[in-house]
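First subunit A sits with subunit B, and in the next complex the same chain sits with subunit C.
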Partner chain A sequence: MAKKGWDEFEIGAMLRTFNGEIENIAGTRQEDRSYTENSSYTASVADWRLIKPIFNKDYCIDCQFCWIYCPDVSIISRDKKLIGIDMDHCKGCGICVEVCPTNPKSLLMFPEQADEEVEIASWPKKDEKEA
Partner chain B sequence: MAFNKMNLKDIEVWDGNHAAAQALRQAQVDVVAAYPITPSTPIVEGYAKFKANNYVEGEFVMVESEHAAMSGCIGAAAAGGRVATATSSQGFALMVETLYQASGMRLPVVLNVVNRALAAPLNVNGDHSDMYLGRDSGWIQVDAYSPQEAYDLNLMAFRISEDHDIRLPVMVHQDGFMTSHTAQGVHTLSDDAAYNFVGEYKPMNDMLDFEHPVTHGVQTEEDWHFEHKARQHNDLMLKAPPKIEEVFTAFEKLTGRKYNQVESYDMEDAEVCVFCMGTSVETAREVASEMREKGIKAGVVGLRVVRPFPFVQVAEALKNTKAVAILDRSSPNGAAGAMFNEVAGALYNTGIRTLLSGYIYGLGGRDLTKAHLVALFNELQANVNAGKITTQLQQFIGVRGPKLSYL
Partner chain C sequence: MSEIKQIKNLKDFSTSADRFEGANLLCPGCAHSIIVREVLNATNNDLVLAASTGCLEVCTAVYPYTSWDASWIHIGFENSSTAIAGAETMYKALKTKGRLKQPDRNPKFVAFGGDGASYDIGFQWISGCMERNHDMMYVVLDNEVYANTGGQRSSSTPIGSSATTSPAGSISYGEKQNKKDMMGIMAAHHIPYAAQVAPNKWKDMVKKIQRGFATEGAVFINAVSPCTTEWKFDPKDTMMITDLATDSLVFPLYEVIDGREFNITYRPKNVVPVEEYLAAQGRFKHLFKDEYKYLIKEWQERVDAQWAYLQRREEAKV
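Then we have the complex of A and B:
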């Protein structure tokens, strides 16, 4: 956010979520909403994350458990299909991995610097004991 | 639901609390969140009664503490309502944390502070300790010396506070019991005239505007906090004083009653002056007139607007004096009196070399008698005659025991 001078912002400890007037916001997808630069949707609030989830769509059954349980609405789901993770908001808590019911899990936690393609290529196999 | 109007006589016999409650009714306050405390209780009780009897449309929110009372007012003001409450002393002290929230969030709230001493020892009577506690909180503070002024200043407070160029909360002070519980004749406005003067509430950044969602009360760190505080201070210093003057002028036009940021009495040729606040101003005026009959050119300066402090007007009011007594009705606890310091600061760079002495008086509701003021004016005259301050700079008036003087 631009560092404005004392006379360049609206008074009060107040921030606007959207630019201009909004209409039917509940029926508008996040990417189609006109968020201001002050909104935490626009800003990255994940720069302290140490471990991150990686999503392997080969095993996902689109049960939506991760989407429901994510405390930061960071699971991106469209038409009831998991399509990715919002890395600007994910804090790396691992709850999505915990609730994932597939075998092997479709989401696993890795160090922040881990490479997605490398990790998916060496994804764990099905656990026969558990199955 | 329609509410009933009240037919008032031109002059009603009201105490300061009832006068304030009537002003809240006439302003048609939407929300009063309150936790009653002596001596301010009848203000919020009065509003509740008016509401119960259908003389006002609004919400009375009973809360569990003064901290919650002001928090409720902040929430209601952020939502977009006309908001007021009242408190005193310990309740005011508990409110302090939220006072800074209200002003920093730039929310209009009118808080009646019926001035009362701060414990310990516990005391329900009037002094200015609580008023002084609020002076750095970023609120506008105005002081009423009588029930009439408590009524008038409440009506004016909404208009100042809610103005979109100001958006700062306002405290209306009156002396506990001496003003709050002493009935006097109060010139009234009709309900319509009072409401028209206060005006329709105009929301700004209100949370009930669902087409423009806002987050109130955000957190800022070293990157933004300073700019917000600077803006608030700037608006108090530069925008509030002309707005206060504008509202005072509009009120005078409506009622003939003239208010000033600094109230001067017999100051045109005064050589000795008592500078004070609250009910003491009225007593000092009476004594000053009596001193004039004895050949002492006495005058009185009362501070009407405590914050923003009228630095220039104070110096202007005192420029022709030879000796001034600054009365502080709050224990400075280890310093010169706060008002002594503020007035000294206002005079220092002006070349006005009046003899300035400070007095601590009236703590816990101790009377300031006419005899005290006669002695005080005589002491000031002695200073003038000697061409210097003949006492120490800080003395106590009306306390028992060996004489106390410092500095």
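Then we have the complex of A and C:
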């Protein structure tokens, strides 16, 4: 959005997160919200990442550990199922991979430029030592 | 709107619609936002929030952006507590006068502050809010250092930690003072509810936050918030470090009701030696040099003594 000059700020700024009224915010999913350009939801930190998580649903047990421990609200779960990763907001910290309990893991970190299909096709097999 | 949200398991919890947004500027792996998400998602009620200056505030309100989907106030470093107490008092007054458009929405009032803002600079303001027993919750994001300004020691910084104003080196092992017992001080206000929480033990944490929301009166929460930048560990390890904090009993999880009734809420099956907790963080690296190793033993003794104290308080019920 257009940046304001130093002498154009209001004193005591108030930012509105949504267009119009939302009656029940805690019951309204992100995709159903009308965010204004002042919400950081509309921004991206994708360029912070050098590594990124890739999700392989074949092994996922929908335990939701990754959902609760992701600091950046980037694990998208709907109806108790993990459906994807929000790559605009993921900072590539790798916490989701560390807390994933499956064997092999259902989330792994790869270089930012890695191809999702290729990596899923060559996903590591079950680690027998760990099992 | 005001019944307690049903959260039986993590799958239930994952149906929450977050009111905190990404693309904030907190470091990758920062625990502050994990704590905030667990607090906010513990209720469906409307929220009125405040934050003191510190990483959470600075990184979630960078003009022209906000990462908050609820009313959120920032004034200064020391006064998220009084800002939220003011909002709560105004709300009560308007309700009494019949001037609220929707008097039954029952919003919850929550203030967040770092340990610097809470243990030091906003200390008397918080004490006042607790003593007046405002219907509010104060949450400390305790990363044991002034992280946002580059890692100066606070009165929450533990002995032996290397901070930028108490650096370890050839003539010093770093921080010399004991960590302030903020839980004890807050409980001594005889507020209805005080609890120490950790985001790894999400069920314990959410239960305490929900109890806090259901409490009428002042609630104090101290949340351990491992800081990848100042504690010096890899961002992917935030939850592992939090596990070590709770399982070594460096951060025991307990609650205090009315300043008297102590309940320990988590007893680790396998208690981890404090040495493992220290070894996982760069801020304690120097303690493993021969000349400073005695401090590790002292650390363990302090943690054991604190655990014994908590157990005695729990048993005594006085």
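Structure notes:
We take it that the second predicted complex is superposed on the first by the 118 of 131 C-alpha atoms of A that agree within 3 Å, B and C clash if a C-alpha of one lies under 4 Å from a C-alpha of the other, contacts with A are read in each partner's own complex, and residues count from 1 in each chain.
Throughout what follows, contacts are C-beta pairs under 8 Å (C-beta built on N, C-alpha and C of every residue); 3 or more make two chains touch, one makes a residue touch a chain.
What you are looking at is a predicted structure, and each value in this text was computed from that prediction instead of being measured.
Set side by side, subunit B and subunit C differ in how many residues of subunit A they touch, and the one touching more is C.
Within the superposed three-chain model, A:A13 lies in touch with subunit B and with subunit C [touch as defined at top].
When both complexes are overlaid on chain A, the residue A:D62 reaches subunit C alone and has no touch with subunit B.
Contacts of A:T102 after superposition: neither subunit B nor subunit C is touched.
In the superposition on chain A, contact is made by A:E21 with subunit B only, not with subunit C.
Using the contact criterion defined above for the overlaid structures, shared-chain residue A:E37 touches subunit C, although it does not reach subunit B.
Looking at the shared chain after the overlay, A:G5 reaches subunit B, while subunit C stays out of its contact range.
The contact surfaces that subunit B and subunit C form on subunit A in the two complexes overlap at residues 3-4, 9, 13, 15, 17-18, 25. The touching residues of subunit A, counted against subunit B in their complex, run 3-7, 9-18, 21-23, 25. Chain contact summary for the complex, subunit C toward subunit A: residues 10-26, 28-34, 37-38, 43-46, 60-61, 63-70, 199-200, 202, 234-240. Interface residues of subunit B, counted against subunit A in their complex, comprise 104-107, 167, 205, 211-218, 220, 223, 226-228, 230-232, 234-235. Considering their complex, residues 1, 3-4, 9, 13, 15, 17-18, 25-30, 33, 37-45, 48, 62-65, 67-74, 77, 79-80, 86, 88-95, 97-99, 109 of subunit A touch subunit C.
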